[in-house]
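You will see two complexes here that share chain A, one where it goes with chain B and one where it goes with chain C.
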Partner chain A sequence: MKMGKKITGTLVIPVITLIAAWIICSSQGVKLFETQLNLLTFIRTVANVSLVTFALAINLNSGRFDFSLGSVALLSSVISSKIVLALDWGPVAMLLLSLCFGVIFGLISGAVYVSVKLPPIIVSLAVALLYEGLSFTLTGGHGVSFANSARLLGFASIPNFLIIIVLALAFMIIVFDRTKFGYEYKALLSGQKVAVSTGIREVPNALLCYAIAGGLMGIQGFISATTNGTIQMSLNFGSISPMFMAFLPMFIGGFIGRYSNDKLGYLLGAVTSAFISLLYVRLNVSSSVQQITSALLLVGFLIYLNNEGKLKGLFVRGGGKG
Partner chain B sequence: MENEKKIRKENVKAAVFRFAPLGGLILLFGIFMALAVIKDINIPYSFKNIVNQSVVVVVAATGAVFIYTLGSFDISLGASLCVSALIGAMAYNATKSLPVMLLTCVGVAVLISLTSSVLASVFNLPVFVTTIAMLSLLSALALVLIGANGTGDVIQVPAAAVRGINNVWFKLIILAVYLGMCVFLFDFMKLGRREKFQGGNPVCAKLTGLNGKRLAIAAFAIAGVGVGLGAFLTITYAPTLSRNTASSVGMDIIISIVFGGMPVSGGARSKIYSAVIGALSMTMLNQIMLALSLDSGVGQIVKAIIFLLVVSISMSNSKGNILPR
Partner chain C sequence: MKNGMKLTALLMALVMTLCACGTKGNESTASAAPGTSTEAPGKSTEAPATTAAEKTGPDDSKNVKIGVLVSDVTSAEALAFRAYYEEYIQKQYNVTFMYSDELADAAAEASAIDNFIANNCKAIISFASADRPAQIETCESNGVYYAVATGTLTDEQYETYKNYKYYVGAIGPDLMTEYMAGYDMAKYYLDQGFTKFGMFGGATPYYTEMHIYRAAGMLVAMCEAGKGTYLGASDMGGMIGAIYGAGCQLTPAKIGSVELCGYVGGYDFDDAWFGKLAAVANDPNVEVLLAVGSGQTAFAGFKQASQKLGDIDCYTADSVKLMESGTLNYLAGKFSASIGPIFMAVLSAVQGHPIRNAEGNAFAIGQGYWVATSAEEAKEYYAVDSSKTEPAYTRNMLDKLYNASYSDFEAFVKAYSFEEIKGLAK
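And now, the complex of A and B:
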């Protein structure tokens, strides 16, 4: 593939989205990036969405649907914040603790999956219930609040979010594209039976996938907690909603992956989502309109992806006739 | 001789696995009755509660079995139930007619279900992702409906209007009629056999001439009827509807179906009774937690462990050498 086509394919979606958002904002007499706060909101959304998208894609690409991602973020941020508040530690300690607990809870989730050998969707339902219940019990149902902790709330800055985004992307590319684990992951992804027959050990690979996804969600839980200043409790699957914001970026990432790296694609998908979110914020769009627009965008993009051949055929035939 | 013994042993093992969900329900019932005697709980009142709490999920989940049999998955059923109930309530407020409310609930739910399946069929979209988008759309639609037609944050049907039908027998009759229809279609008609075949081996089903898209549309339509009836029953039990109406029903449906022993991959081992067994078991479990005065968090932890245990036993007969996906 030629370099020009690669660059165009990689950047076309985020660039078109940015231009569209810019034009819509301008037509309403609003600047998309007017203040430093707008930029902070944008970068924070990119960090949040990209982490969830990486975590979701790791297992979903392998056919493992994981409802427990949000509950891993919830439980790891609850425990890390409790420790940090008790010992009066700073945000870096909380970040590292959230990461560690995320890895541990992801690993436990994976361990349950490989032990009971049930479909991952079922295991993730049970794990989500379990982690939500644990979070609720640990906080007595009141959640955690650190609205008075300026140190923890002070973490939310553009450089900090950028560091997290760059490190997460680098980690994902190195681990999944440059290591033996990554090669085996891809082999299992494209042909599970054949890969296992050739001697690839599926169980450790799956465990590591869950651990990495858990770690990423731990960081996402930390960002969410330090941004809001509180951690709200969820029961009866209330924790699964963060997962839904990752579907559009994941499919965009899959499209971009044809032209460059799929991990970079997920990040650019998150950037695209962040442009759309910022547009909503700048135009004060109501949450119901936001939800409807996002759902229509997801369906529209999927229709394009699943009918690309037919659409191109129509376009070529139409062009010939014209 | 040796072989016969082995086969008999295998058959017994298979039967134990097959009946594990039913065994779980009976065990939970036994525990509940023991607790009721020990703690002097009002048993008729508790049974009324169990019916009231489980009937909506049983009706909606029984229809959803048709979707699961195909190996598909619909996460938007709870949101669909909410929107159907809201529009049904609006229809009642406009006409003051309960039959109109019932027909509206069912009509709207079927329409939503058909939209999902037709969208997925016509544009070759993955059904699951389509239902995720529908979940978002319907949640937003619920907000719009309440904003446009409600009083504050709710849409209300006068409690007096539904008092006459808010009784256990009426709910059980609706459940029996719908369950009977589903059992007939699933176990005694071509449709059920075809759905199982399609879910078990879609390639083979296609080669024998089965139209997968048509089967999917039929499955979603039947599930839509269940969701519509569930919406109607929701209004009779709780006539004040908000954006949170039936918020947990979507996930309860999945849990109930799986708890009842239904394989998520669908196919020949699908059972129409799964939803009934699963939903009753989960409600019974909730009643036991209540009787034990367990904290909500601890209750959910126990629920998760029991869920995993029962499903693990009921599906342990079908585990292969590679990890399931």
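And now, the complex of A and C:
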């Protein structure tokens, strides 16, 4: 594939989205990026969405639908915040604790899956309920508030979010594209029976996938908590909703992955989502309009992906006639 | 595999779209308290209120099972109410509270009521409002007493059900109380000379009356102070009509010399929602942030040190800390023991002494908030509100309501301010 085509395929969706958002904002007399806060909102969304997208894609690409992601983020951030607030530690300690607890809870989730051998969708729902219940019990249902902790709230800055984004991307590329684990993961994706028959052990691979996804969600929980100043409790699968924000960037990432690295694609998918999210913020779009628009964008993109060949054919024929 | 993933995503998108099109039916939609009806007496099948001479204390010899319907199990308010029933009332009286799960819709409410009836509950206290008529009808047909806590029926509903034998009544903030809660909070800051406001409208976009009335109160106070109008309205009726006319979607506007600089509604809890809240809080013009509810959650991470924050919620350890640090400056909060009188009315009815109003109908009594404007007040309120041994309404106080006359019962409930309750306790 030529370099020009690679670059075009990689950047076309985020660039078109940026231009569209810019034009829509300008038509309303609003600048998309007017203040530093707008940039902070954008970068924070990229960080949040990219972490969830990485975490979701790791297992979903292997056919494991993991509904427990949000609850892992919730429980790891609850425990780490309780420790940090009790010991008066700073945000870096909370970040590291959230990461560690995320890995542990992700690993537990994976261990349950490989032990009980039930479909992952069912296991992850059970784990989500368990983690939600634990979070609720640990906080007495009241959640955690950081409103009086300037140190923790002070973490939310553009450089800090950029560091997390870059480190997460580098980690994903190195682990999944440059290690034995990554090669085995890809082999299992291509064909599990064949891969297992060549000596690849799928159980440790799946466990590590869950642990990595959990770690990423631990960081996402930390970002969410220190940005918003509170951790709200969820019960009865209320923690599932964060994963919905990762579907559009994941499919965009899959599209971009044809032209470059799929992890970079997920990040650019998150960038695309962040442009759309910032557009909602700048135009103060109501939540109902926002949800309908997001759903239509996702459906529209999937319709395009499913009919890409036909559409190309139409353009080629149209071009020929012209 | 990929097709399966796409199909799943399509289903998710459909669910998201349907959710966006719906409204939050389980939010409180209390209507104006019909208060004491002037209907002709005699419609009730129960005997009217008894005299003081006939009064007896609650019968603790037999356990009474009471079902509690809840549409919210995680908010600070819901937790406080539950703690009062389970950690105080249940220890004081021979009663057992059986709580439902979080009820998202009318079908879940119906299922929970069936479960309560199957478990021999003699009464149901409802904090869930997705389909109150269905709740009342089911209880009536099954001979189970039913009462509404922290809310009231709409005028129409009250007229329909007031003479039902098993409908005990309702106690809670009526819509005028909600309106005044918003009005008083905005006026508190307007009187101090503040003119630039940011507002969080909570469930206003979901057509939740409680929040609409609070928002209307705030806007009318701004209209009066700024000598202007908002959406062409400046009084209570006009403002509520204007908000509904705008599809419950409020927007920033100049209101005479006062300005609503920013507005956010809904409970999306996504990046865009937090971005909108951050934008309002970071507007250098905004002097005061007003919230119809959950203001401490919505603005906690974004509020600037120079800004004031007013909220209508409940008293928690966190809210006291926020008032101590100056993050929160005004709190109109429900108190957990406010659900004590409705419990006693239910117990009294179950044990054969229903409390009916002067016309022999079920009662509907308004009840308001405790307002704190300083950390000291908030601490004092919270100390009483969170006490498991000496809450605002103790057994001694509630026992006086057993088999009480309607006028005594009404007077007790209406004396809801902190000072009045302290007086009642003496």
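Here is the rule we go by: the second predicted complex is superposed on the first by the 322 of 322 C-alpha atoms of A that agree within 3 Å, B and C clash if a C-alpha of one lies under 4 Å from a C-alpha of the other, contacts with A are read in each partner's own complex, and residues count from 1 in each chain.
Here is the rule we go by: a contact is a pair of C-beta atoms (placed from the backbone, for glycine too) under 8 Å apart; a residue touches a chain by one contact, two chains touch by 3 or more.
On a predicted model such as this, the values are computed, not experimentally measured, just so you know.
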In the superposed model on chain A, is it clash or fit for chain B and chain C?
clash
Quick one: classify A:Thr137 as touching chain B (first), chain C (second), both or neither.
first
A:Val92 in the overlay: touching chain B, chain C, both, or neither? Say first, second, both or neither.
neither
Quick one: is A:Val281 in contact with chain B, with chain C, with both, or with neither? Answer first, second, both or neither.
second
Kindly classify A:Val196 by the partners it touches after superposition: chain B alone (first), chain C alone (second), both, or neither?
first
Quick one: is A:Val112 in contact with chain B, with chain C, with both, or with neither? Answer first, second, both or neither.
first
Classify the contacts of A:Ile122 with the two partner chains as first (chain B alone), second (chain C alone), both, or neither.
first
Which partner does A:Asn236 contact after superposing on A: first (chain B), second (chain C), both, neither?
both
After the superposition on A, what does A:Val49 contact: first (chain B), second (chain C), both or neither?
second
Going by the contact rule set out at the top, does A:Leu302 touch chain B (first), chain C (second), both, or neither?
both
Segment of chain B that clashes with chain C, given the candidates 220-228, 238-246, 256-264 or 274-282
238-246
What is the shared patch of chain A, the residues that chain B and chain C both contact?
63, 65, 136, 141, 235-236, 244, 247, 251, 287-292, 294-296, 298-299, 302, 306
In the complex, chain B touches chain A at residues 73, 119, 123-126, 128-130, 132-137, 139-141, 143-144, 147, 247-248, 251, 254-255, 258, 263-265, 295-301, 303-305, 307-308, 311-312, 315, 319, 321-325
Contact set on chain A toward chain C in their complex:
35, 37-38, 40-41, 44-45, 48-49, 60, 63, 65, 136, 140-143, 145-148, 153, 156, 226-230, 232-236, 238, 241, 244-245, 247, 251, 254, 274, 277-278, 280-281, 284-292, 294-296, 298-299, 302, 305-306
Of chain C, residues touching chain A in the complex
1-2, 4-6, 8-10, 12-14, 16-17, 19-21, 73-74, 76, 79, 101-102, 104, 205, 249, 251, 263-266, 268-276, 278-279, 282, 296-297, 300-303, 316-318, 321-322, 325, 327
Interface with chain B, chain A side, in the complex: residues 62-65, 112-114, 116-123, 125-127, 129-130, 132-138, 141, 192-193, 196, 202-203, 206, 235-237, 240, 244, 247, 251, 287-292, 294-296, 298-299, 302-303, 306-307
